[in-house]
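Multiple structures are listed underneath, in C-alpha cells.
Each of the next two complexes has chain A plus one more chain, namely chain B in the first and chain C in the second.
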Partner chain A sequence: MDRPNHLSVVVDLSPSQWYLCGQPSNAHPLPLAAFLSQLLAFLNAHIACNDENTLSVYGALPGRSALLYSSASAELSELTDPADSNTYRQFKILDSTMMKSMSEQVDALSDLEEESPIGLVGSLTKSLCYINRVTNVSTSSTTTVGSDEPTIRPDPRILIISVSPDEAASYIPVMNSIFSAQKLKVTIDVCKIYGPESVFLQQAAHLTGGSYIFLDRPDALLQYLTMTFLPPPALRQLISVPTQDKVDFRAACFCHKNIVDIGFVCSVCLSIFCQPVPVCSTCRTKFPIKTLQRLNASKPALAPARSTAPVPSPSPANSLPRSQAIGLPRTTSMGNGISASPGRNGASTR
Partner chain B sequence: MSSSTLFKATVNEHLENLPKPIQSKLYEAPATCLSIYRLLPPMAKFFIMSMLFHDKPVAYKDLERICKPHTKKLQFEAFNRLKALHLIDEDQGRSHLKLHPIFKQNFRDCLTGSQASNAFGNLCTTADKHQVDVKFLDQFASQKWETILHFMVGTELGVDPSKSVLSLLKLGGLMEGPGTSPRNLKITNEGFQFLLQDVNAQIWTFLLQYLNLTQDLNMDPVDVLNFIFILGSLELGKSYTVSSLSATQVSMLADLKDYGLIYQRSDSSSRFYPTRLATTLTSESAALRSPSAAMEHALQSTTTAEDGDDASAIQNSVSAGIASAQGTVIIETNFKIYAYTNSPLEIAVLNLFVNLKIRFSNMVCGQITRESIRHALLNGITADQIIRFLETHAHPQMRLLAKEKLDKKIEFDTSHNINTAGGAPQSQVYGENGTVAQHKLEVLPPTVVDQIKLWQLELDRIQTFEGYLFKDFQNQQEYDYLSNYAQEIGVLIWGDKVKKKFFVTPEGMDQVAIFANRK
Partner chain C sequence: MPPRRIGNDYESDSEGSMFGDIDTSRTKKGKGKAVDRTKSAKAKGKAKEQPYAWEATYTRSWDTVQEDETGSLQGAVQDLIARGRRRRLLAPAAAIRRTIIRHLVLVLDLSTSMMDRDMRPTRFDLMLQYAREFVNEWFDQNPLGQIGVVGMRGGVGERIGEMSGNPQHVLKHIAERHKLEPGGDPSLQNAIEMARSSMSHLPTHSSREIVVIFGSLTTCDPGNVHDTLDECVKDKIRISIVALAAEMKICRDLCDKTGGTFGVAMNEGHFKDLLFELIPPPAQRAIARTTGTGVGNPAADLMMMGFPTRLPNTSPPSLCVCHSQLKSEGFLCPRCMAKVCDVPTDCDICGLMIVSSPHLARSYHHLFPVKPYHPVKTLEDAPHLENKCHACATAFPESPPPVTAATEGMSPLGRYRCPDCHYDFCAECDVFVHEVVHCCPGCGK
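Moving on, here comes the complex of A and B:
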C-alpha cells in the first residue's frame, strides 16, 4: 500500500488574478508570496512521504505553459550553493529550482502577453504527457529489472491550483484531457483558490475521481493541501476526502463557445450547439427541416440559451449536459432521444 | 515487499522500545524526524500531516471521523504506533491529541526549510584532491559488503572481514563458534535467514546489532541513531566534512567503513563519502544487489582479474538495482527446479529448501518436496521468505512468460469489460484495503506458491496467544456490542456467542476496556 507515487502540480500563475487575490479588501487575502511558501511546504511534504515519490510542476502562464520543476531533471542539475547544510538536499533543490524557473518565466512575460488567456490546457496536457512517459518507462524497465514487484508503477495524479475563471474556448481540449486522464487512470484534483467556480475543472475532478475544493479560507491553504491533496490515491480510499456535493455538468457549445444549460447535440458526431442548426458544422450532416422546426418551436419554452445558475445534477453518475438530439432521418429512434455525452469522444467509461 | 516490511518492523520495534527521554532527544534532529516519518505506515503519516500545521490539539473524534468506518483496524494500528513512539500525546480526558512538541517544531522546520545549521551534514566546499565518483563508491560498497557475505558462506576469497564485523556477526547470532578467530566461525540458521533477505534488510539487521553493541560501549545511543539517520539523507557522490561530527560519530566512521556504508580515504581524512548502501537506508529502492548477484559478480572479478578497473565488474556495480535481472532459477509446475548458477552462496541457500539432485558445471537441478520445505520451515525460515527469494531470483525467461500471461489476462478483461482478478467475474472485487483487485504478475507457478504456503500452515495447527478473556456478560446485546468493536479494531482472537465469552490481544485490552467504560 505504501508505494511511491507521482504528483504533477499545475499552478495557475496569472498575474492579474493573483493581484486581485492578494488585495486586502478580500475577506481572506492570499498574496502570491504567501501562496508560494505554502505551496513549497506542501511539495516538500510530498517528497518527505516517500523517498521515491516523484514530482513535476507546470506553470500555466498567460498564453503559454512551462515546466517549472521535475524530479527527473533535478538529479542532473548542479546546484550553485552547495554549502548549505541546513536543509534536506532534495527540498533545497526543489525550492530553489522552483523559485528560479518561476521568476524566469514571469520576467519573460511581455506586457502584451499578460492579457492573453491562461495556458491551463497546455500545462494540463504537458503533465499528462509527462505522466505517460513516467509510467511507460517504469513498466518497460521492470521487465528487464525484475524488482520485487514487477508491475509497480508510481500512482500518478494531477493537482490543479487555479485562480482564473473558465476559458470557454478551451472546453474541447479540457474535455479531451479529461478523457485521456481517465484512460491513463490519472486522478485530477482541483484546488480553486480565487475566482468564480470553474465548471470545467469541476467536471475534470468528478470524472477522474478526484476532489474539487473551493477554498473558503484561502489563507489556510496549507491545511487544505495537506489534509486533502497529500494522501496518495491508495490512502484516499480509506479516508473521507471532501468531494463536491453538486457538480456543474454544463458543456460549452461548439459554435459560440458559450456554456449552455440546454444544448442541441448532433446525432451523428455528438457535437453540441446552442441552437438548432440545419447542417452540423463538424461532420456536415444535414438535418431534416421538420425536426428543426419542431426544435425551434420548443426551444424558447425549454430554457434561455444562457443562464448563470449552475444546474444541480439529478444523478451524478453519468449525466452530462442535458441536451436534446437533433433528429436524423436514418436514426429515427434517436430522434428525440436525450443524449448523454459531452462531445465527440463521449465514451466516458469509468 | 515482505522483507522490506520486515526490516521496517525491526527498526520500528527498536525505536518503540527506547525510553521516552531518549526518543525526545532523537526528535531534536530534523534528519531523524524525517527518517522516522518515512518509516511510518501511510495512515500514521496522514495523521501527523493533518496535525502538523495545527496549533491547537486535535480532537480524537475528528480524526476518527475523517477516516472511513471500515478502517478502524488501520486507525488502531496507526495510533498505537504513534503512541509507542510518543509522537502523539493525549490530554487528560483522552479526547484530544497533540503532536510531540519537539518533533512538531523540527519536522515543520524541515519542511519549510528553516532549521538550525548542520542538520543534514556539512558538505565539503573545497574540491577533493582524490576525487572519487559514484561508480567507485558503488564498487567500494559492494566489495565491502560482499566480503562479509562471502565470509559467512565460507567462500575462499583470501580477505577476511575486520574484527569488528566478526564480533558483530557472532553477537547477532548469525555465526557461531569458539573464539573470534575467523576460521572457527560457522554460519547458523539465523545466518541463512539473514542471507535470504535483501541488502537493505541485512544492513538494518547489522546496524541494530551495532546499536546494541554501542550501548555496551557506553556510546550515546541518540548520537549513534542520529548519525545513522543523517546518513540516510545524505547525497550520493558528495563528500562531507568530518569536523562537524561529534566525537561519538567520528568513532563510528571506522566501523561504518568496514560495512561499506561510507568511504573515507584514510582514517585521518577530513572528509567522508556516503555510499549507496547508506543513502538508501530509509528508502525502498533496491540497494546494491541481492546476495547471489553479489556472489556472481565476485566470481567474475576473481576469475578475470582482481583489479578494480575491470570493465565488467564496474558495469556490474553500476547496474545497482538491475543486478537481480541475472536471475537464474527456473521452477516448473511439477516442483522441479533448475538453477543456472555455480555460485556457492546461491547453491547453499537453495540447499536450504530444495532437495538438490544433480550438479553440472553451470547449473544445479533439484526438486521441491514436502520434506525439503518442512526442513526449512523447522529451521525457522518462513514460506514468504522462500517465495520471495525464488521470485527475486527467477530466470528472465520466467518473468517474460509471466508478463505475457498477464498482458493476455488484462486484454481479456478489458475486451469483455469485466474484472476476473478476484476470481469472481462481473463484480467489482474489493481487496483487503478496499482497492479494486488487480491482476498481479505471477512469476512463480501459482501451484508451487500455494503448496509452499500450505506446507507452512500444516505446522501451525496449534497456536498460542497471550491475551485477556472477557466473560460474564449481562446479556447477548452487551456481548455483541463489545465483541463487534473488538473485531472492528482487529484485536479479537476468539469469541463464542453461546458462551458469551471472547478473547482479545494484550494490546487491544486497553482499548476495549476504555470502550466498555465509555458506554
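Moving on, here comes the complex of A and C:
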C-alpha cells in the first residue's frame, strides 16, 4: 500500500430496503445503525492506511443522490470543528461530517419521494466525475505540455454498497457508467448486503475487474469490508479475495424494462425488445413481415422452456437452474489460499 | 496539387525552416498530438491553410502550446476546452440512424512508395501506428463490427488478417512490422477484389466498407479497375480512400461512386483526422431515407439474441458443445443451457445467436446522447443555485473574471447548465459527461 489510492463509496440509503434488512425475522438482520457504525470503521481504516489516501462518499437516496463526505471538503471544515482529545482528528471529522450530511439528506426526503427508485446512477456518475477531476488535473496538463513523464495518479476505485433490487429503467445509464469507469481504469467493487442478486452490478464488477460479493452473513459486514475491499485492486492478486461465481449477462428490454435473457434486437440501432415488434421504437425502423412471422412462430416453443426449470443435463455445471443463480444467496467461491470469508464456522447453513 | 518532392528526407527539415521563417503563423498550426482534438474540429474549414508536411518545420507538440503573460498554461487549456465545446454543440442533437453492425476491410499500401519520409518517421511506420489506433477506436465505437486486413504489395493483394470481431486478433496481424515490410508496386484492383470476396457472404443488414490507405501514385492492375468499381457499387460496398501522395482520378471515382469519402493527407495530423473521421458509424445512406416512411429500410431486420451466463474458472469442469473439451469457464446458452466457449457465436445446439449484452450496450450512447449543457451567463433565474459543481463538487469561481475570457460557447462564470435538471456543472465535468459518461449526473439518465 505504498501508493495513495482514492476510494469512492456509493451507499444505498433506501429507507424501505433498510427497514426490511433490519427485520429480526431475517436470519442475520443488519439494522441501519449497526451498518453505519461498521461502515464508519471501514472508512476510518481506509484513511488510516496511508496518509495520502483520499475518500469520497455518495449517498444514493430515493430519487436523488448526494455527496456525503469528501476529503477535499473535509480540509475546509477542519478549522471549525472543536478538538477531541480522545479521537484521531481525521476520524472525528469523517464521522461527524458523514452523520450530519446523512441526517440532513434523510430529513429532506418527503413521503412522496420515499417510494421513488434510488439515485444509484446519479451517485455513480458523480463519483466518476469526481475521480475524473482528481486524476485528470495532472494528466490533462501533461498532455497539453506533451511530456511523457508518468504522473503519479492515485489509484481510483469505487465501492457500491447495495441493498435495493435492480432498477431496470436505469440499464443504459448504468452500462454507460461502467464503460466510462473502464476508460478511466476505475475498478468497481460491489458489496450486496440485502435484496436479490443484482444483474447490472454483477456486470459492473466483472467488466471493471472488481469483485462482487453477496453477503451470506450481513451482520459480519465489517469483516467482509476489511478483508475484501480494504486492499486496493493492485494487491488483490496476492491475497486471493473471493471471486465472482457467475456473471449474469442479461439485459433490460427497451419496451417494458423487463430483464430478459432472450431478446429481439434491432439490427440498425441494437435496441433490445422482449417480444417481436413491427417497428423499432428507438430508430423507427420497420421490420419485414417475414421476420416477424418467423420470430412469432418460434416464440411458443420458447415460452414453456423459459418458465419451467431447465431439464438437468449430465454435466454438473449445466444443471444449475437459473433460479438458484438469481434469487438465493449463495457462497462465493474462494480462490486458493487464505479464506477471506468470515463467519464460516458455525454458520454453514447450507 | 503542387508537385511532390522526392527524396526529401533530412533535407526537408532545413528547407522547411525557411518556409517556417516566412510563415510562422501557419506553422503554429502544424502537427502534434496536443492540437489533434482541436484540429479535427477545424479540419474541414482550415485544411487549405495548413502547410504540407514537407513544407513545415519540425514542430514539437509542446511548442504549439503558448503560455500567457504570467507563464501559466491555463489559457491554452481553456482554449482547448472551449473548442471542444463548440464542436460538440455543432453536432446534431437528435439520434441519427446508423448502421452499427459494420464489416470493414482495411487495405494497407505496402509498396515501396510507403518508405518515403515526408511523414515522420516514414509513411509506413506512421500508417501502422495510426492503423492500430484506428482499430482500437473503431471497435470501441462499433462493438459488433468486424475488421479484415489486406495488404497491397508486389502487384498483388495479400490477405494479412481474416475478418474478425476481436480487436486483439486484428491488432496482432498488424503488430509485426517486419512481416509487413514494403516492396514492389500496389494493385488497387487486386486488393479491392480480395476485400470484396471476403465480404460477399455477409448478411444484408450489415454494412460493407473498404478503407484504403494509399501512398502510391500508380496502380498495377491485371484488368480494368472500372469493372471492379461497378461490382462494388452492385454489392453496396462503400470505399473510402486516404491518399498520402496526391489525388488520382481513379481513387476519387472509387469513393464518389460507392458513397465513400476521399481525402489527401497533407501532414501527419491531417492524415490521422482523415482516417479517424471514418470511425463513427455512417448514418444510413439516403436510399433508406427516400423510401423512409413508406416501405422502411429493407436491410433492417429484427434478430433474436440470447444473453448468456458466464461461468467462472472455479466452476466444476464440463464439456463444451463447440469443441467437446473439458473446461470450467464458458457461457451458458439461455435457451438450451448448453455451454459454449466464447461469445458472440451461434449456439451449436439450438442455433440461437448468443451475444454478451455489454457488447450491445457499448453503442447505446449513440442512441441517447446527453443534451448539450448551456453556458450560464447570469446567476439569475436559477432553480438550484449551488456554489459547487453538481458532479465533482468543485467550487465555482466567486466573482466572474474580466470579460476578455468570455469566448463563444464559454460561460464567464464557468457554469454549464443541464436543460433538463437545471443543475450547474463545471467545464471539465461538462466535457467529461458528454464525451465519456454519456449520462447526466443530475437527471440520472
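What we mean here is this: the second predicted complex is superposed on the first by the 285 of 350 C-alpha atoms of A that agree within 3 Å, B and C clash if a C-alpha of one lies under 4 Å from a C-alpha of the other, contacts with A are read in each partner's own complex, and residues count from 1 in each chain.
FYI, a residue touches a chain if its C-beta (ideal position, glycine included) is under 8 Å from a C-beta of that chain, and two chains touch if they have at least 3 such contacts.
Owing to the predicted nature of the structure, the values given are computational and were not obtained by experimental measurement.
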Under the stated touch criterion, name the partner, chain B or chain C, that contacts more residues in chain A. C
Touching A:33, do we find chain B (first), chain C (second), both, or neither? neither
With both complexes overlaid on chain A, does A:226 touch chain B (first), chain C (second), both or neither? first
With the two structures laid over each other on chain A, which partner does A:70 touch: chain B (first), chain C (second), both, or neither? second
Using the superposition on chain A described above, determine whether A:108 touches chain B (first), chain C (second), both, or neither. neither
Which partner chains sit in contact with A:247 here, chain B, chain C, both or neither? Use first/second/both/neither. second
Touching both chain C and chain B, counted on chain A across the two superposed complexes: 143-147
Seen from chain A, its contact residues with chain C in the complex are 65, 67, 70, 72-73, 119, 121-122, 125-126, 128-130, 132-133, 136, 140-141, 143-147, 170-173, 175-180, 183-184, 203, 206-207, 243-251, 260-273, 276-277, 280, 282-288, 291-292, 295, 298, 302, 305-306, 310, 313, 315-318, 322, 325, 333-335
Touching residues of chain C toward chain A in the complex: what are they? 32-34, 60-62, 65, 73, 76-77, 80, 95, 97-101, 144, 205-206, 284, 295-312, 314-319, 328, 330-332, 334-339, 352, 356-358, 360-368, 389-394, 428-429, 432-433, 436-442, 444-445
Once bound in the complex, which stretches of chain B touch chain A? 1, 4, 30-31, 34, 37-38, 41-43, 45-46, 49-50, 52-54, 65-68, 71, 74, 110-123, 125, 198, 233-235, 238, 244, 280, 282-286, 321-322, 324-325, 327, 388, 391-392, 394, 396, 399-400, 402-403, 406, 433-435, 438, 440-441, 443
Chain B-touching residues of chain A, taken from the complex the two chains share: 1-2, 4, 37, 40-41, 44-45, 48-52, 82-89, 91-92, 95, 143-151, 222-223, 226-227, 230-232, 234-235, 237-240
